[in-house]
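Below are structures written as structure tokens.
In the two complexes that follow, chain A is the common piece, with chain B as its partner first and chain C second.
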Partner chain A sequence: MSVTLAPKVSAAPRLTRQARKHRHLLWTVAAAVLILALTYVLPPFRNYQLATVGAYLCVTAGLTVLTGLNGQLSLGHGALMATGAYTVAMVQEKLSGRGQWTLLVAVLAGIAVATLAGGIVGLAAARLRGPYLAGLTLAVAVVVPAVASTFDKTFNSDQGLSVYVDPPPLALGATFPYERWQAWLAWAGALITVFGLATLVSGRFGRSLRAVRDDEAAARIAGVNVARTQVLAFVVSAACAGLGGGLFAVLAQSVSPGAFPLSLSLFLVMAIVIGGLGRLAGAVWGAVLLVALPALTHSVTDSIDVSPAVAQRLEGNLPLALFGITLIIVMLAAPGGIASLRPRRRKA
Partner chain B sequence: MRRIWSALAAVALVAAAAGCSGDDGGGGSGGGNVPGVTDTEILVGTHMPLTGPAAAGYSKIAPATKAYFDYVNANGGVHGRKISYKIMDDTYNPATTQQVVRELVLQDKVFAILNGLGTPTHTGVLDFLKTNRVPDLFVASGSRSWNQPDKYPGTFGFNVDYTVEGKILATHVKQTQAGKKVCFLGQDDDFGRDALAGIEKVLGPVAAKQSYVTSNPNVGPQMGALKQAGCQVVMLATVPGFTALSLGTAAKIAFKPQFVVSQVGADLGTLSKQLGAAAPLTEGLISDNYLPLSNDEANPWIQLYKKVNAAHNGNAEFDNNIVYGMSVGYLFVQSLQAAGKDLTREGLIAAIEKGGFQGPGLAPLRYSADNHAGYGGMRLSKVAGGKQTYFGETFETDDADGPVAPYSTPPAAPPANGIPAAS
Partner chain C sequence: MDRFVFLTFDGLSRGAVYAAFALALVLIWRATRIVNFAQGAMAVATAYVGYSVSAATGSYWLGFVVAVLGGLALGAVTERVVMRFVDHSSHLNGVVVALGLVLVIQGVLGMIYGNEFRPAEAPFSRDAFTVGGIALLSRFDLFVFGAVFVVVALLAALFTRTSVGLRMRASAFAPDVSRLLGVNVGGMLTLGWALAAGVGSLAGMLVLPTELGLHPNAMDIVFVSSFTAAVVGGLDSTIGAVAGGLIVGLLLSYVSGYLGATVAPIAVLILLVVVLLGRPGGLFSRSAARAV
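Up next is the complex of A and B:
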């Protein structure tokens, strides 16, 4: 049974699984070298932004697999990020000062807890379709601040928790910039995520995902376990969100409900749509936009000479407006998202 | 995978380009190697809630500080340097504060962070500022966290700390409302906790206590619970928007206790604006302050600030937020004058630790090597006939078990030109 495939994967249909894996590995290593070089060129604040892009990439990559390839819309990924972030904060607090390895343990714990949460949401989500699914995941996103203030002894309400992070290892030199270290950590996570997902979705699992997205009945007839595929997709996506959230906690050295508002979940969905739904390249664009657009609007408001009152009003709302406008323009000009732009040009 | 690669490459190019332009614009320090300081300019930054749940009132503070700096700049600056003040909106969201403070320190390379506002917001950036050795001056909050010279040697408070204030307010309640049932509503963070600690040091455990979070603009359940508990005095540790919300919600359910409100949430101008037609609900409200009140026309500081407000702040509606913002500006200029012509971060901190600043405050500033707290006392105020005025003496105390004692030294008069002289 042949299923509609995204052009990216069908581009190399005859490659064996092994060869595909090798190719993915090659690209990943090349990307790692590029990021490494970048972290030496960029000034500290740009490195911090680069690190933020990396953390976002973990989430957008996972989300685009869920929404783009499996057709399940999640408006609750911000909450899954929060799950990972709070877990990292609490594990780091318990293990603080014992060395760099604690961070790995904390992030793995964050992924584990987010995976568990994702599994629970996914079990419910597999029974829901369309607006009902959106409603459920929306509720998950909305509940974060309420949980943080109801269990304020544990989560410290709106103020949140601070995250203990060790300085860069001394082996890297005493004056090693902290932001470069952060970028390394975030992109290590991001590249592992993208490599893992690319390998995963180019194989049998990816075909099952698409089959379920395109036609559940046909997929079932073809022998795909629909419910299992849907729950698995949610679990994989939640694990990525947990990793991304954990990395955010490490970058900001603090977690608070304000870092994971409903608007973050909506922005994530917008970002993968603008970037190109269902494509990992689109997830990269989405992650970049999530960092670049607010920064851009900020410098725009700074440069426009308007009265302080107008500037104040623009300040909070301009990023939202710009995101909306970008979404409209991209959808009009390139319905497949930014990632779909390049191949078309190559054909012409 | 190839497309991911090309996307990454494109991103890398953009980032590199942005990085280079950032290098040109960001640094900008002339001869010296002190971040944010050139021979002609000092760049300082702040994070403020210009929008969001705490913007009411507070959004006027930083523009007022900036206006005072503009006034000083127009009169020749400090040691020949003009002060630039970069104001960043953090919407009172700790996560956004992280972002904007990093931008100020790493990208704009500010000399210092001045008057960053908020307990939950600023608490999250203490470690970052310490790691980067950025002076963190005159935080706009009364949390006791700012006064930890051993842990955070560059951080100084400005406000009277909430525990000191709680003790002073509670002492007044104890004297004038003896035998009444006293309850508490506070913000669910160190602001509320520190205030309650001070209140309970004097009054013992309160009859009922409730808390709110700024992300949920509803205090209906809390007010209902306090009414149910039969509270006769309600002490609030709230930001202005939530003070107004509390007064309004209480009136709606016909709950009429005596409200006693922390200074940070009790500016009458801000509350009246928030309450609109319900502004008379503020009648009888007890609070306190340590700076001259905005309606005290006879006060020479108010006259000075009004002059600056007219000339450099677009004649914004004059309230206690403006008085506060300009007082912060005055203290910062005093610190710069004391630090001398060769301005360094270490030199500035040493100058502040030397202390001895005289300004508009009714209570003493007691900065020293082992005290980084802000003002040390308060005078009570009351709203009567739609006007907020002081009554009684100024009191001072500490955040431990020290007594609440009157403080009688009168505030200093402002210098003739309104700018602190070089010392």
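Up next is the complex of A and C:
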């Protein structure tokens, strides 16, 4: 009896690491050109929304790596964003008025602090599975207002802090719209994040992530350090959340616990699930959805004739309900759950 | 010393509620291996309905009964309509669907009732009796103890003394064998979810008067505290859930009393981290075989 092993070699030659990097770079440059063009076409408010998409994209891309590729569910990314945002606020307060470079320092500090926080949570997370991990990260998300009120001398409890942001550099012209500058800042962060993550997960680290997600025992046998991979995934993802949170602080020019409620963390999970787990493209769709759906419900509640009080209730809560229903339907309609949402792109 | 005694009784009273809520989580976990992250939102939803009925009829107790019955119904509906169809190949799925439910329930509640805190009055006085100058317990605390004791006793009797309880335990323990032996496993799951949500709603009615009041997010912190209680006791143990609830209640009471109320959630987080890293099976677990 002869056994034929299916050849594991793909028909097309595998791209070398260099070629993959070039392809990612090409995509990033194309996206940058597109965004740049958009910022000149769009009116100011749309540019602000575009900037918000960019800030969300940093977070959803990082969360995609953690949850989609590594299988660790985090409900605490809103809290990690808050860490980055508060750091940016405090560093900007210390350094404000000395030029544009302070913003870079502040954002880098925000990333560093969020990375540290993510490392601590990740060390605990690597020992936990499923609902235990979800419960722990949920507790982290819920504790944000409590931390802000307990250390109110530093964080000014519920009022939060204001964030000083310099006007656009004069070299761009005196009438350069502020919203366009915001969009540039946010998308610079987003594109660097996505390029970095795409390069990171297409290599050895990405294979380790997926191996750990699919079968821990098998990954361990194959020589993957499971715990280290999981902590690293958390750290990388936290750094992205810190960047996203820092950008949010810059966009809103203020930080408060109310900006990082538990529902934000749930929205982030929803965005990556609906966008398509395990693909960075899904993170883009998720980020767009996070901005588009509330905007859409806003225009719907504006168009129907109801009293202002009712309209306000609808506006705040309709997106919540819609997000929830969409999330449930996507989860139930995809029979293999999260795993089957992953398209098989390369035929083995 | 006076303060310590008062905080102890206060902590036990809070702990009793957390115990009931943790018990609801454990019931569902044992039956389906899902931690119902929507439990808090479901309890708030039924509490809103209960207080609406109370306001309309003027009778607190009618609203109370409606809330608990509403919890039973909501639990059954959730299981039949949503949770039954969750794919169990990844344990993320159950959690994510429950989070979707949280968003839906909080969104709908916000649309109907708005996002302001509404008063949730207690059926009994919350002024503590004093014995020899030391404040001990209020009538409401006694009511809480009584209600939780009755619920725990009823559940214990149901699971250990009745044939329905035996069938429920069998379907949780070995669903396929139970099905072969003629147990309606699906029905038992629905019943389990209904019971758990009913207990959760009861706990919600008991805890909301002691908090800021009714709000779509009012149970978020309570959920985290109760989840911690369930983990402290071991997610599989009903007695552990009760003990864990009392431990968390006491901890919260002492921390709020001596360090300030805002520190309490941080204390819960620290307790959760310590227990998860030290004894992930719960304080009362025997050392289990290593899971590969």
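By our rule, the second predicted complex is superposed on the first by the 305 of 348 C-alpha atoms of A that agree within 3 Å, B and C clash if a C-alpha of one lies under 4 Å from a C-alpha of the other, contacts with A are read in each partner's own complex, and residues count from 1 in each chain.
By definition in this document, a contact is a pair of C-beta atoms (placed from the backbone, for glycine too) under 8 Å apart; a residue touches a chain by one contact, two chains touch by 3 or more.
No experiment lies behind these values; they were computed from the predicted model shown.
With both structures placed on the common chain, the touch criterion links A:284 to chain B but leaves chain C unconnected. In the superposed pair of complexes, A:23 makes contact with chain B only, with no contact to chain C.
Of the two partner chains placed by the overlay, only chain B lies in contact with A:158; chain C stays clear of it. When both complexes are overlaid on chain A, the residue A:328 reaches chain C alone and has no touch with chain B. By the touch criterion defined above, A:101 reaches neither chain B nor chain C. Judged by the touch definition given at the top, the superposed model places A:67 against chain C, while chain B stays out of reach.
By the document's definition of touching, of the two partners only chain B reaches A:198; chain C does not. In the superposition on chain A, A:149 contacts both chain B and chain C. The residues of chain A shared by its contacts with chain B and with chain C are 146, 149, 261, 313, 316-317, 339. Looking at the complex, you find that chain B touches chain A at residues 1-9, 11-12, 14-16, 18-19, 22-23, 26, 50-52, 59, 63, 89, 91, 93-96, 98, 102-103, 106-107, 119-120, 123-124, 127-128, 131, 188-190, 211, 213-216, 314.
In the complex of the two chains, the chain A residues touching chain C come out as 67, 71, 73, 75, 124, 127-132, 134-136, 138-140, 142-143, 146-147, 149-150, 217, 261-263, 266, 269-270, 273, 309, 313-314, 316-328, 331-332, 334-339.
In the complex of the two chains, the chain C residues touching chain A come out as 29, 34-35, 37, 82, 85-87, 89-97, 99-111, 114-115, 216-217, 220-221, 223-224, 227-228, 231, 235, 260, 262-266, 268-269, 272-273, 276-277, 280, 292.
The touching residues of chain A, counted against chain B in their complex, run 8, 23-24, 27, 30-31, 34-35, 38, 41-46, 48-50, 53, 145-146, 149, 152, 156-160, 162, 178-179, 194, 198, 252-254, 256-261, 279-281, 284-285, 288, 292, 298, 307-308, 312-313, 315-317, 339, 342-343.
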